[in-house]
Amino acid sequence: MLNIAIIGAGRIGHVHAKTIASHPKARLALVCDPFGDAAEKLAGEYGARSCKEAEDVFTDPEVDAVVIGSPTPLHIPHLLAAARAGKAVLCEKPIALDMKDVIAAQAELDAITTPVMFGFNRRFDPNFAAVRTAVLNGRIGELEQLTIISRDPAAPPVEYIAVSGGIFRDMTIHDFDTARFFLGDIVEVFAAGQNLDPEIEKTGDFDAAVVTLRAASGAVATIINNRHCASGYDQRLEASGREGALFAENVRPTTVRLSNGEVTDAQEPYLDFFLERYADAYRIELSEFIEAVESASPTPTTIADAVEALRLAEAATESATTGKPVRLA
Amino acid sequence: MLNIAIIGAGRIGHVHAKTIASHPKARLALVCDPFGDAAEKLAGEYGARSCKEAEDVFTDPEVDAVVIGSPTPLHIPHLLAAARAGKAVLCEKPIALDMKDVIAAQAELDAITTPVMFGFNRRFDPNFAAVRTAVLNGRIGELEQLTIISRDPAAPPVEYIAVSGGIFRDMTIHDFDTARFFLGDIVEVFAAGQNLDPEIEKTGDFDAAVVTLRAASGAVATIINNRHCASGYDQRLEASGREGALFAENVRPTTVRLSNGEVTDAQEPYLDFFLERYADAYRIELSEFIEAVESASPTPTTIADAVEALRLAEAATESATTGKPVRLA
Amino acid sequence: MLNIAIIGAGRIGHVHAKTIASHPKARLALVCDPFGDAAEKLAGEYGARSCKEAEDVFTDPEVDAVVIGSPTPLHIPHLLAAARAGKAVLCEKPIALDMKDVIAAQAELDAITTPVMFGFNRRFDPNFAAVRTAVLNGRIGELEQLTIISRDPAAPPVEYIAVSGGIFRDMTIHDFDTARFFLGDIVEVFAAGQNLDPEIEKTGDFDAAVVTLRAASGAVATIINNRHCASGYDQRLEASGREGALFAENVRPTTVRLSNGEVTDAQEPYLDFFLERYADAYRIELSEFIEAVESASPTPTTIADAVEALRLAEAATESATTGKPVRLA
Amino acid sequence: MLNIAIIGAGRIGHVHAKTIASHPKARLALVCDPFGDAAEKLAGEYGARSCKEAEDVFTDPEVDAVVIGSPTPLHIPHLLAAARAGKAVLCEKPIALDMKDVIAAQAELDAITTPVMFGFNRRFDPNFAAVRTAVLNGRIGELEQLTIISRDPAAPPVEYIAVSGGIFRDMTIHDFDTARFFLGDIVEVFAAGQNLDPEIEKTGDFDAAVVTLRAASGAVATIINNRHCASGYDQRLEASGREGALFAENVRPTTVRLSNGEVTDAQEPYLDFFLERYADAYRIELSEFIEAVESASPTPTTIADAVEALRLAEAATESATTGKPVRLA
């Protein structure tokens, strides 16, 4: 049984609290949030303790592991403090909004020996994971072209976007990790940003983008993003190889289809957002984290993954801004 | 090049005229219809001659083959006359409305040596034919259960229904042939007729039915019929065997799918009716007829098939009327 | 929090134990099974107590509700005893193997006032339930034809079949309930049994069947059953109405599709059996049971449902044996 | 009735000959090819005359229209000669391998007043055309992202590739036209070429590519190409708009699906290549050409379309070679 604390009682904190509470090997011990009664309320739902200072989490002897869902600028300080205190860490993405912050902390990050995993939840989605396993098992021969379609049902508030670090760090970061999950090292990034929503354009950010990634292997990945999708949370993946192709289709609430005079075999809108769409993924992510901690084996995602995803996000931001592809070392 | 005459310039006559006109090995020579200028008009569309008396077809030396699309009570007289005149015959279903008419003509029917084929067009549908070929090739092991779903987009006029011989002779006759095409001899028929439309009920006919057929092999076929279907002409087939199953799905005009806030991956309504849905089937049917005639080989469907389908229709009519299953010799 | 006891530590007992253990409002208090250490073992997995005598369940003051998963001949004795003891009951199907047993206990059954629900789990399947809700909401107009396809992945051992009461009481019973769930009162049953497996034939039972049910409304339901299906647990439903149709398709482990030189857009085999396929249904069934008990409102399924499903199973058995349809009062 | 001559009796010449021969308003009058007996043979199949010199086509008084399927470097000379002779022209793509050739002939091209149409057959594919019509009808709101997946079943011989002008002029040219068909003017091109096949790499050409096109409207199109696809001729299109999305899926020979212990609902490989896949498109293309000629109305595709597609192909070639995006005036 792993006693887990959560830092950050926001939307993602609630996701993790629920997942932890229903996991047979985990116990929600402590919830920390500095604002109002957010921590107290969330903790109360699951019979956990609460606190307002992150420091109280790191010094809590009962806490074995910390899930970091604090604002992104606090990710590095929090994970370093947790690691110093000997806690295992499951940290949300992205690691930081700026690679400079990573570089500044590089020596300390490199020295961490406690388990630190990053919440790239899509790696644990049973659909995407099954595709990758099949690729690794040679079901489609050498992987040549990967297409990731990732559209949110609706854009977050403009206030959120303004401090999000931009679409590539905030949204595409997941898809960058997925591309790396399938293709390994990326050597070139070209991003075409789109301004479809004038309100978002005013913040200086894009609200849609198409990114081309060239892998060291010669494979090319295409990421198609949009902050808005009328049909729900559009999350698909297509892996095309020399001997076949694999598709991870969208997930619907049921298998029901409707036929009438207008449409036939019509399915329902996609599951609306990440909590529903990736519920299984969050559960499996936590299981793998706990298993890695308990067996003292490597976590399935690492700081290196978080850094590389951020590097791609920075490259995409540069590419979309300058209009030129960016080559990576 | 086969010179073909059509008897009957109604709906099915038009289908055959078009198919013949566009077939590279066929020529529409003559169209015969006693009513008004129907024959003249249809013939005119394709540069063929026309006549009003069927006798003029049988005596026409240019005519090699006759397609019989006259009213059902004339099928046997016309096919016997055509055969006596040495013409090859492609006759529409059903062979007759009453088995008594078949029995009365049995001796003459048995003596026919010219090619006589019956228009069970669905045997030539590429989808159904592909399923059958796969079954025969052992792709699903021994065939255990066959499900045929066959619904028309809308009922014909009540006047037509009143003289149609009833749903089983007029509509299900195709499905009986399909069942025999897959399963061979049928030994038991149980039919549950439905009266969903009060106007049709007044004619004494059913407008929907579910028929259970037991084959000599032990396999069971289910036929689900309805004179009405909101989504179009619903024509499906499911062959379930020991080692797998095959499905022939509906046909749509295009492969286009639509997603929005209401539906996702919605396809178009099914092709509306038999002319569109079975256009390929009519073309292939004609090709196989021509090939059989020209090569003097057996036609793919025969009078025996027509008689057996009628026998099943009579059994189903009896079963639906008496409420009891009917065993066949 | 409802303290629940399970009687019967067999396969279905394990399903319920797991569902209870993970339900936020339920607690597994006691497991009862007379054979070996079955009860002890299952109880041990979830920290519950165990006993060997059913009587000990009924007299246990801590037990609020009893889930009856004992052999079918004990269902009525157990549910009467539990009800007499004031326990709420969730009983597995069928209520009995013989209507005579129901009739013998009728007076006592009629007098039960504690909540008694029957485990017709498919009513709680989100796919089937969504179809029914859409039907009730008028999405497809008047329901005309219902098609239920229900095939198990593989037949149970012949020993089980020999005491199962036959395919209609053991397997089709679920589909009878589904038909009633959609269509209400059934007035006629015709069943065509099939003997595809000679080992099962020796037990005197069928291993496949097609059943036609006529509802009082005039709608007709078709049930297609097979004890064996190469593709997995084949559980589908098609509701065809005047203005449209709804389909509940099979469930697969993921949304992944494969294309190669042999197949395209190929999906995975269906979830293999009821535990996986109806995991959500068992969870929702338990929730609705708990909610009914706690709110003292009617249970969603009742003894009357169990009796009616058995009546249909008896009628189908008679029909398949005599070869004649059976009319119900 | 339009009397049509074909120049070039190669693969595409055969496609057009067959389409012309079966068109009710067209007649194949003449086939021209300088090599061996190619023209004579093809003409013989359809009862047409043949010649070896293109000049003989242009001076033939019986010829109303010329289909140009000669090698690409002859497209401009042939279409100018045909136009000077007052013939209507249906010319294959691309207009030329080098924009310099277009510029050199610009004055003459601009002066053509006879109907000249270009064979961008995919515009006439019923699936793609239905998507576009739906987009124009506002079914998905403003078009934001277009994804074109276009993979050939197998690469042509290396000898062909060596003189093809490269993947962008030879293969992607169709997709560039499709992008323009949906999005109009393109202002930026970024192409990532791939060398998956070492034999093709030796010719200096790519055998796969991902191209990003930015439209003047702000929409972005992605083209994913591969000279090889294990599952057949992979031809799909996805139009994603503000209020929904439309998908044109691949075409299979039948609607048959297979389920067994390995796969479920598996469909057949895609129609293998352009002749089969775009048979309807070639037929409709010819019909629209004939209709435009006969009604003296504008052809649905023009020299301007051919020039713009070539411009995009040149930009993509430059982008893939230099690694930089190319902006168009």
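Letters A, B, C and D mark the chains in the order given here, with residues in each chain numbered from 1 onward.
We adopt the following convention: a residue touches a chain if its C-beta (ideal position, glycine included) is under 8 Å from a C-beta of that chain, and two chains touch if they have at least 3 such contacts.
A quick note: this is a predicted structure, and the numbers were derived from the prediction, not measured.
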- Query: Where the centre means the average of the CA atoms, what chain is farthest from chain A?
  - Reply: B
- The larger set of C-beta contacts, choosing between A-B and A-D, lies at A-D
- Could you put a whole-Å number on the gap between the CA centroids of chain A and chain D? 41
- Message: Roughly how far is chain A from chain B, centre to centre by C-alpha average, rounded to an integer in Å?
- Response: 58
- Note on the structure: Residues of chain A that touch at least two other chains are 140, 230-231, 243-245, 250, 258-261, 265
- Task: Mind listing the chain B positions that touch chain A in their complex?
- Result: 230-232, 250, 252, 258-270
- Item | Complex interface listing, chain D residues touching chain B | 22, 126-127, 130-131, 134, 139-140, 243-251, 253-261, 265
- Item | chain A contact footprint on chain D (complex, rising order) | 140-142, 144-145, 147, 149, 151, 188, 190, 192, 194-196, 208, 210, 212, 214, 218-220, 222, 224, 226, 228-231, 234, 240-245, 323-325
